[in-house]
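Two complexes are shown next, each including subunit A; its partner changes from subunit B in the first to subunit C in the second.
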Partner chain A sequence: MLKFADYGIFSGGDLMGVKYEAVLWNRQKKSYDIILWGMIVGILLVFVVSQFLMHPLITLETLIIRATALTAFVLLHLILMIGPLARLDHRFLPLLYNRRHLGVSMFLIALVHGAFSIIQFHALGDVNPIVSVFTSNQNYQAISEFPFQILGFFALIILFLMAATSHDFWLKNLSPKIWKTLHISVYLAYALLIAHVATGALQYENHPAYWAILILGFASVTGLHFTAGFNDYKRLTKEKYAALEDGFVEVCTINEIQDDCAKTVFINGENIAIFKYDGNVSAVHNVCKHQMGPLGEGKIVDGCITCPWHGYQYLPQNGQAPAPFTETLHTYIVKVIGSKVWVHPTPKPEGTFIEPAKVEQT
Partner chain B sequence: MSKKDFYIGWQDEMPESTAKFLKKLVTIVGVLVVGLVIVIVTFQRSFNDHVFEFGSQTEVTGVYIAEPYPMLQITHANLAIDAESVLLVGFGKFGASEIMNEIEAENGILDLQEITLKGTLIYGDGVALLELTDQGDSFVRKSGNFRQPLVHDKSNSRISLTGEILDPKCYFGVMKPGEGKIHKSCAIRCLSGGMPPVLRVWDSSSNTYNYYLLSGKNGVEINSELLPFVGEMITFEGVVYTQLNWNVLEIDPKKITRTLANNE
Partner chain C sequence: MERLISSLLQFVLVYLILGLVFTIAFMSKGLTVVDEGTKETSWKFKLLILPGMLVFWPLFALKWKRSLK
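And now, the complex of A and B:
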């Protein structure tokens, strides 16, 4: 019933007790990486060829620094757009599933840029190159003269921490909450890199087209996040629920829930996914234990709630991941009266079995 | 979304509709990214034609002049450009003073003597430099010839100039670009290591750059005082004189003015 999901690229394995291994390759994952690295090589090649055609006097060092900077920055934009795009349209989910491959690839390219830049501009001098990054330019007063390398340095540290902990071994050992918090710092890294480019390269390469591209990229990333967030906000606030005396809340009619799918509701701070399957209705907490994915946007596959983000699975009756996995979700009491579905928004302890409500046949 | 359209990453196959969508998406993103790269390269500033003969060693014979910065007045050399002198610089981000001191410690005082040095040539815009790697490899011989001290006429030569402080090694060939904000930290590192500071000034009447070696009064090194101003447009007031093919500007580092202008 339960398939092994991909749990990472450094040592693979799974979150819930089965041994960690290197990447658990499958056909989709191989295709993803082939296309990803085909694209990376393609960007680098187009950049190198067009440089030699238009600017043949460029030095090899500058070529490497600029090619890797551009490639990594483009990939970072794509990475940041995937999340909201997948929220807006489920057809983007395959990009989300393997996003860590994209992230680690982007970090490696950014590392080449950072290392080459430090060697080029700070090595073979009278102080340690890392010390030089922080001490060479100390003009913090003027934005145009700001020591932009420091911004890139800290962004690279964040990207390193994310790449190094991208595997589910770290997700498990750091706890999903800490892991997620660490990985949300990609937005801090992005902000630092926008400032790094604006106060660095664009102070020299100051053609208006570069500013337009930078602003367009930033607007695309932020615009998609606001759109996805606004959609979620509208969905969560559109429906008002009032509890009856016994604590149950009427949430929808049974026909509003498609077979093997869920309706998600937000009541008294509880994020609940109510699934209809095989004539039964069960409710669980709507947040996957893996990376906090929206379970209610998943489906029942082989009798299990299957997370749309990474395919993690849980039994709908008790919120437990099938053996050998040990993840558990809060469950909620549901009842179906006539065509109406009612839920009690008080969570039961994680993994508590609750008899599914039966859909009344009409 | 029908059940058959539901994507699960750990399965070998993805739904056909998803695969079709992704093919289109990858094609569109690919075209957009290629277009983006070409636009970015198109609007890039062009690079100068300065040369760093990396990996190639050249012998240059000339009269060694130690002040204000080590240079050779060329007497015998086969250079690609017509230059009266080569400014000497050290390996990495260092000036040549230390290496020349080591050479003099072994071979006696060399100031104003004709010597032959071996190093890597750097040249562009009428200026030539020689990078010395270390004293053992760089010093070839001294001929025994010498010249009289240079005489500098500093009368009526007080001027005001606005330009960017550069390190000549990077600017004249080692790095492209070797100027402006991107290169600022490197130039600071180079000047901190004793590289001769050069002021680049745009001459709008001839549409060319003029270059000035910067020093304190009577050739005193002022690199550390210049570090906060490297890579920016700065106005200097000082006394200018000519030494071989170089202009030398003697300034008081306490009277430097920042200028609001582009680093062109």
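And now, the complex of A and C:
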């Protein structure tokens, strides 16, 4: 669901359904995948042809190694740019929801590059090929002083872990927190790969144009991230000033309220309970209509604020007791700005419906 | 250095093989207990989560054990 859409490059729009599907392909996703693979084949072809033009005598292995490396590297750049692009302009959101397939495809192509490199450069001696990646440049004609393959190797491991855990099953079973941390490490993989290219291939193909392209790619990725970050910051600041002007008061951060519980505040003599439930935030008067019990110390049960004293219930959105009961509470307008909860301390007439504020995804 | 990396690699290999053995048993019995959402899923879904299982299997061993109690 939307809530997890920005958690990592392999996250997608698949629903957190009750039952898992291998891959949730609907029509929109199918056409996305067709375009995606068309694009991948296109990029591969461009690199194959350009390698042939530049090195007519190139061997098939080297051709595969280079074309897959460059294609995967280009795809990684696209993947990393989709996040900030979607934050800057919502028209990019469909790409964000489908990023998972792009990520897995990129890993598979990078895997071909890694596997062929290991076969080509490390499988000839009598040392185990993977061991040879680490014991470095002695077993083959060194193309660079620096053991840049190790950097590629670790990047590939990270990409593998992310691709392997891209299904929603993993989001649930690893817990969103661990899953998110794992998927944020794509930036580590990216840094490793920039170094892999700069200390590897660019040491012998050191035409300034290659350096320019590498730096341009890196600048695009970082530049977009900074622009999107700055944009968010500007938007939040604007919202904050507007809220202050309208008489809202900042109360706490969203994490200070436990799920299905409340935080209580006194503002201008108003006793307010602010509840968080199902990604929503709502505020009501903190005093129960029965015998003035502290509602904010109660929990949300079956979607209703439930008084800790004798169990009277009220809907958090409108302060009304569910039928057949008739008690009603004052409600308050709430806002979530970034990670902060704001409330307007002027009570609305008892039983007034207030649109719950949505917890923003971070 | 080479010896160290060789033994590390062997350790990883053993870990993955143990993972495979565990995963085969786990997928036929424990998976649906640990996560209800996996009931009635296809073999394709199981294949898809297999690579990750080989890495994170101790977590599922723990979850499985807890569910038995």
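The rule we apply is simple: the second predicted complex is superposed on the first by the 210 of 362 C-alpha atoms of A that agree within 3 Å, B and C clash if a C-alpha of one lies under 4 Å from a C-alpha of the other, contacts with A are read in each partner's own complex, and residues count from 1 in each chain.
One rule holds for everything that comes next: a contact is a pair of C-beta atoms (placed from the backbone, for glycine too) under 8 Å apart; a residue touches a chain by one contact, two chains touch by 3 or more.
Nothing here was measured: the structure is a model prediction, and the numbers come from that model.
Once the two complexes are overlaid on the shared chain, A:Ile130 sits against subunit C while remaining clear of subunit B. In the overlay built on the shared chain, the residue A:Asn173 is in contact with subunit C alone; subunit B does not reach it. Within the superposed three-chain arrangement, the count of touched residues of subunit A is higher for B, of the candidates subunit B and subunit C.
When the two structures are aligned on the shared chain, A:Lys340 is found in touch with neither subunit B nor subunit C. In the superposition on chain A, contact is made by A:His122 with subunit B only, not with subunit C. Once chain A of one complex is fitted onto chain A of the other, the partner contacts of A:Ile213 are limited to subunit B, with no touch recorded for subunit C.
In the superposed pair of complexes, A:Lys358 makes contact with neither subunit B nor subunit C. Of the two partner chains placed by superposition, only subunit B is touched by A:Pro94; subunit C is not. Once both structures are placed on chain A, subunit A residues 127 are touched by subunit B and, in the other complex, by subunit C. The touching residues of subunit B, counted against subunit A in their complex, run 1, 3, 5-14, 17-18, 21-22, 25-26, 29-30, 33-34, 36-49, 91-94, 175-177, 180-186, 188-190, 192-193, 228, 231-232, 262-263. Contact residues of subunit C toward subunit A in the complex are 1-2, 5-6, 9, 34-42, 44-45, 47-49, 51-52, 55-56, 59-60, 63. Touching subunit C in their complex are the following residues of subunit A: 17-23, 127-128, 130-131, 134-135, 160-161, 163-165, 167, 169-170, 172-174. Across the complex, subunit A meets subunit B through its residues 3-6, 24, 26-29, 35, 39, 42-43, 46-47, 50-51, 54-55, 57-59, 61-62, 70, 74, 78, 90-95, 97-98, 120-127, 132-133, 136-139, 144-145, 147-149, 199-201, 203-207, 209-210, 213, 259-261, 298-299, 301, 306, 308, 310-311.
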